[in-house]
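Heads up, the next two complexes both have subunit A, just with different partners, subunit B and then subunit C.
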Partner chain A sequence: MSNQQKIKDYILENFLFSDDQSALKEDDSFMSKGIVDSTGMLEIIYFLEDEFGVQVAEDEMVPENLDSVNNLVAFLAKKQ
Partner chain B sequence: MCGLAGIYSKVGQLPYSEEHLAEMIKQLHHRGPDGYGFYTDERIGLSHSRLSIIDLEGGKQPIHNEDQSVWVVFNGEIFNYKELRQHLEALGHQFYTHSDTETIVHLYEQYGDNFVDHLNGQFAIALWDKPKNRLVLVRDRVGIHPLFYTEQGDQLLFASETKAFLPILNNPPQIDPKSLDQVMTFWSTVGARTIFSDIFQVRPGEMLVFEGAKKQSRRYWDWGFPEKGEAFNRSKADLIEELRIRLTSAIEIRLRADVPVGAYLSGGLDSSALTALTKPMIENLNTFSIGFQDEQLDEGEYQNEVIEFLKTQHSYLLCQNDQIAENFNKAVWHAESPILRTAPTPMMMLSNMVRDKQYKVVLTGEGADEIFGGYDIFKEGKIRQFWARNPASKFRPLLLKRLYPYLNLSNSGSGAFLQGFFGQGLDQKNSPFFSHIPRWLTTSGCKQFFSDDLKEQLKDSDPIAEFKAEMPDAIDSWDYFNQAQYVEAKSLLSGYLLCSQGDRMLMANSVEGRFPFLDHNMIEFANSIDPRMKMHVLNEKYILKQAMSGKLPASIVKRFKQPYRAPDAAAFQAGGCPSYVKELLAENEIADSGFFHPKKVQMLVKKVESGRPTSYKDNMAFVGILSTQLLHNQFTKKSNNL
Partner chain C sequence: MSNLVESLRENAGKYPNNEAIVLGDDRLSYQQLWSSVSKLASFFADNGFKRGERVALLLDNSPEFVVAYYGVAAAGGAVVALNTAVKAMDLDSWIGHSGSTWVIANAQHSEFGKLAARQQAVKFVLFNASEKAEDDFLWEDVEAYTDSQPDVTIDGDDVAQIIYTSGTTGEPKGVTLTHHNLFTNFSSVLQYLDLDDSDSIVNVLPFYYSYGNSVLHTHMMVGGKVVLQNSLMYPHLVMQKITDEKVTGFSGVPSTFTLLLSRVKLDEVDLSSLKYVTQAGGAMSPSHIERFCDAVPNARFFVMYGQTEASARIAYLPPDELINKMGAVGIPVPGVKVEIRDDNGNPVENGLEGEICVFGENLMKGYWRNPEKTNEVLVDGWLKTGDLAHMDDDGYIFIHGRSSDIIKSGAHRISPKEIEEVIHELPEVEEVAVVGDPDEVLGELIRACIVVKPDMELEARVIKAHCHQRLAQYKIPKKIEFVKELPKTASGKIRRFLLVDN
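Let's turn to the complex of A and B:
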């Protein structure tokens, strides 16, 4: 399974509580769509660190890296 | 305290007997285990369950006036009853008890409906004027004590808790979709709504008069604030002196009781301030506190510091996670509302300990955060107002990082996401709800679990518009800080803190809480103060801190506000989670009650069970869904698991 699919499935299952792939577009902003709140972002960071073995630094915790499936995929590619 | 229940026949003879009233009032035994009392005539039945605190021998209710034409049942305390009695006796009224209750009937004779203006206290009152066929239901100014009513045919049923209606209602109460929508927005219903269809509450500060089929409502008191821009001329020293005098006086009058009075002590500024000012009045003051295994939630260190400093006789209860899960169903039965946090449950356990220690009355610090601006929401509002003046500013929102010092914010890095969260509603800076919009949006996230059917029923529901209709016209003329205080007082304070987490959790174990910060003289004084004296830059409850300086350890006065919280979803993660939780959250049970989406709930349950970190929203949703299911089971299906 691609990273993109893994991340999308994770967001669907853990934040939208759905398996409907059409419920989330890859460039949907988690914050502006109300999918993830400020504390929910911690969950995403845990997920990245546990699932992909990367360390997310303080200054990397910004929307440009974490606020959509596409942003997460790009950030992960950079880190790996 | 106590409980009351009654039935008024609006038209014709009362078709119920004392036996029916007995069935109602027995439902409220926990509110008053010291005895029952009844009164019936051709139009009304009144019943009362008594918790004896003042005039232990003679205070049995219902109580009447000289010629037995006016009767009253009453839950609460009239703290200024001694002064009122003196005044009324000088006017020729004759008393036959030494209770505070009796002042009510004589005041009514003397002043009619304006009797309530003379009361300093916390109360829910049902007063029957027999010659005029007139029932008066009235509730205290801020909503410390509850009072509900519903109609069945020509009968008006009223009681301290809705469970008293169960033996009389032909059909069990149903959870109202619009009320559930409100709870999942504000944490409680607002206005006259309750969670149940066709059951209403008397609003705080409201008087209802029923005369036959006619009903009149009057707001006899409300929170009021100066107009924006009004000059504040009083010096800080002057305000500090008056605050000390008023708070001391509010405590003094609340120590009137024929049983010992103790105090809750959380380790925060408010309860510590009360304890410090009470200690000189009660040499062997007993204090009570609660703690948690999770050190982020536990305040034991601060509690110990205050105990050591003030030398109180202290009792401490360590609340284990599994105890919260075990007691949660009982807490919901008493709260009679869905709750989005488990925090009321430990408060119920605490009152149980108080009762075990032979105490019936405790002072408690609720209200200080509302009247002096202690909550983060006031701070957030201030920062967001500052930011909204220049929404493009990169510097202004950085102040948000000064919020929540008790959380480990290093985990959320630059705070960019906090900015995203608090930036919501920034364009509504002239709305009286400006301060509360981010919180309500977060809470509303729980609605993603609503079933498709419920969503369809709610397609025209607008809880915020309904709440707005409750706002007074004057609110637009107030400073934004005062607007936020008003909104907080009318939502979280009266609907949740004083009810679900306050009266109900105290009365579950027959304990009365007394709230000096919510003395109306205290509120009116605090409301007249310049908001900048409440929140000095970003220093909350500034004037109270100044007033308490030197009377408490500096570390207590200076500490940041830590809101009382308990483990939420985490309380249900332990292996020994009680069976009712799984049963009520099972797919078929969720589908059967119809409020929530069965599949989504299963995914949430799985997430919680996994033990992975859960967001605020997930925690609220989990606890909210479980409590709604419990309530449906306990009240609608009439099969409570107690």
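Let's turn to the complex of A and C:
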């Protein structure tokens, strides 16, 4: 399974409680769509760290890296 | 006695060029703020607005929220600031219950479409909109009005604000606060925080709750600056904002500080401008207080305690006593009396547990249109808080817990009953009990214990998906546990405390 699919499935399952792939677009902003709150973002970071073995530094916690499935995939590609 | 509107008008005269509200590149001075407030008040006056009418705000923290709040008050109205995290059903219920005749709304809010379809009788003023229904108005229409303030007298006893503290499935509880309530309580807060027009704060707390509300208005009362940072999703950016804006203050609930401590290297951020930090909204662990204080040695750290029903603040811990009285929520704020009482309403001796009861000019008028609930908590002029505590011989209050079932998760107070009723809508559910388990980040974490009907099946995801449809994100149980039965008393009442995971 691609990183993109793994991340999308994780967000769908844990924040939208759905397996309907059309419920989330890859470039939907987590913040402006109200999908994730501050503790949810912490959960996403733990997920990235556990699932993909990367460490997320504090200055990497910015919307450009984390605010959509696409941003997460691009961020992960840089880190891995 | 003055009021918030009068105080803002004076500050616009005294500090016209001081910055009042900052959001991103948008910087609003006191003069600009007062001009916009006067335009909105003139708009209402011109559109047949009557004193005492309620106006609901569906706006996130923004310059427009502040303009709307003061504009409604200046027109003689009462503000109903809606929780923007909830679903249309709750918003609809609160607008209906408050009898709001106007709604000032961000048209881009995710629930706005549903709300507008349900609320045909109210008039909307729409922010962030390019089109509107025939009887509605755009924010731009308001800006075209004159900024001469209409001739409206505000009495201390006039209702300034109604804050709804519970959702739609229970009876709506609208805490009704007068101008006098708010002004006296915020004046008390200013006495101990000792703020002036050189002070400023990065604010992450929603204005629709009493804590954020008090942060906003205390700063407006002294000519200070409020820098809005509307999400804690990126804690590093919040801290960076403190550095960039060189603000003197920061306020949070325990989960705010836990997030910052866990994801930001505070010793690598320049927080030297901070002079005061306040914490309320539940107990923060002493180790987190110590760690945060170490990171900001120049700042006075105030632990505070309050309730919406008391405008905001009931007690504070003077920073000089922070170490000596660690674990206490402090002494009553100026002008407020606190007694610890037993079940019969009699004061208990120091050191013994009882209920925190409060007396002062900060106490709400009551719950809006709900005399029954009002009489349960306001007795002989005293507020029964439902919080259990003892007082030491020096008059410091130490909270033990709550006598009611309210769950405190993050900055939110959540009724387990509301979540239970939503879960009960699923036909497979025989019984359900919702509890708050202790949690390091959130304070309490919501867990639903569910008994499924015989010969039926139910998946946790289905339950969460149903909650997601019906409830705000922060009310969705983090954990679902399927159990065979729930512990009950002889009379069949669920013994919730036996379910809490200690």
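Keep in mind that, in the parts below, the second predicted complex is superposed on the first by the 80 of 80 C-alpha atoms of A that agree within 3 Å, B and C clash if a C-alpha of one lies under 4 Å from a C-alpha of the other, contacts with A are read in each partner's own complex, and residues count from 1 in each chain.
FYI, a residue touches a chain if its C-beta (ideal position, glycine included) is under 8 Å from a C-beta of that chain, and two chains touch if they have at least 3 such contacts.
Since we're looking at a predicted model, the values are computed, not measured.
Engineer: Record, for the superposition on subunit A, whether partners subunit B and subunit C clash or fit.
Structural biologist: When both complexes are placed onto subunit A, subunit B and subunit C end up clashing with one another.
Engineer: Of the partners subunit B and subunit C, which touch A:Lys33 in the superposed model: first, second, both, neither?
Structural biologist: Only subunit C; A:Lys33 stays clear of subunit B.
Engineer: Would you check which partner chain A:Ser18 touches, where first means subunit B only, second means subunit C only, and both and neither mean what they say?
Structural biologist: both
Engineer: Residue overlap on subunit A between the subunit B contact set and the subunit C contact set?
Structural biologist: 13, 16-18, 31, 34, 36-42, 45, 58-59, 61-63, 66
Engineer: Across the complex, what residues on subunit A touch subunit B?
Structural biologist: The contact residues of subunit A facing subunit B are 13-14, 16-18, 31-32, 34, 36-43, 45-46, 58-63, 66-67.
Engineer: So in the complex, the part of subunit A that touches subunit C is made up of which residues?
Structural biologist: Spelled out, the residues of subunit A in touch with subunit C are 13, 15-18, 30-31, 33-34, 36-42, 45, 58-59, 61-63, 66.
Engineer: Which bits of subunit B are touching subunit A when the two form their complex?
Structural biologist: It is residues 410-414, 416-418, 420-421, 441-442, 445, 448-449, 597, 599-601, 603-604, 607, 612-618 of subunit B that touch subunit A.
Engineer: Inside the complex, what are the residues of subunit C that reach subunit A?
Structural biologist: 85, 110, 231-237, 255, 259, 262-265, 410, 441-442, 461, 464-465, 467-468, 473-474, 476
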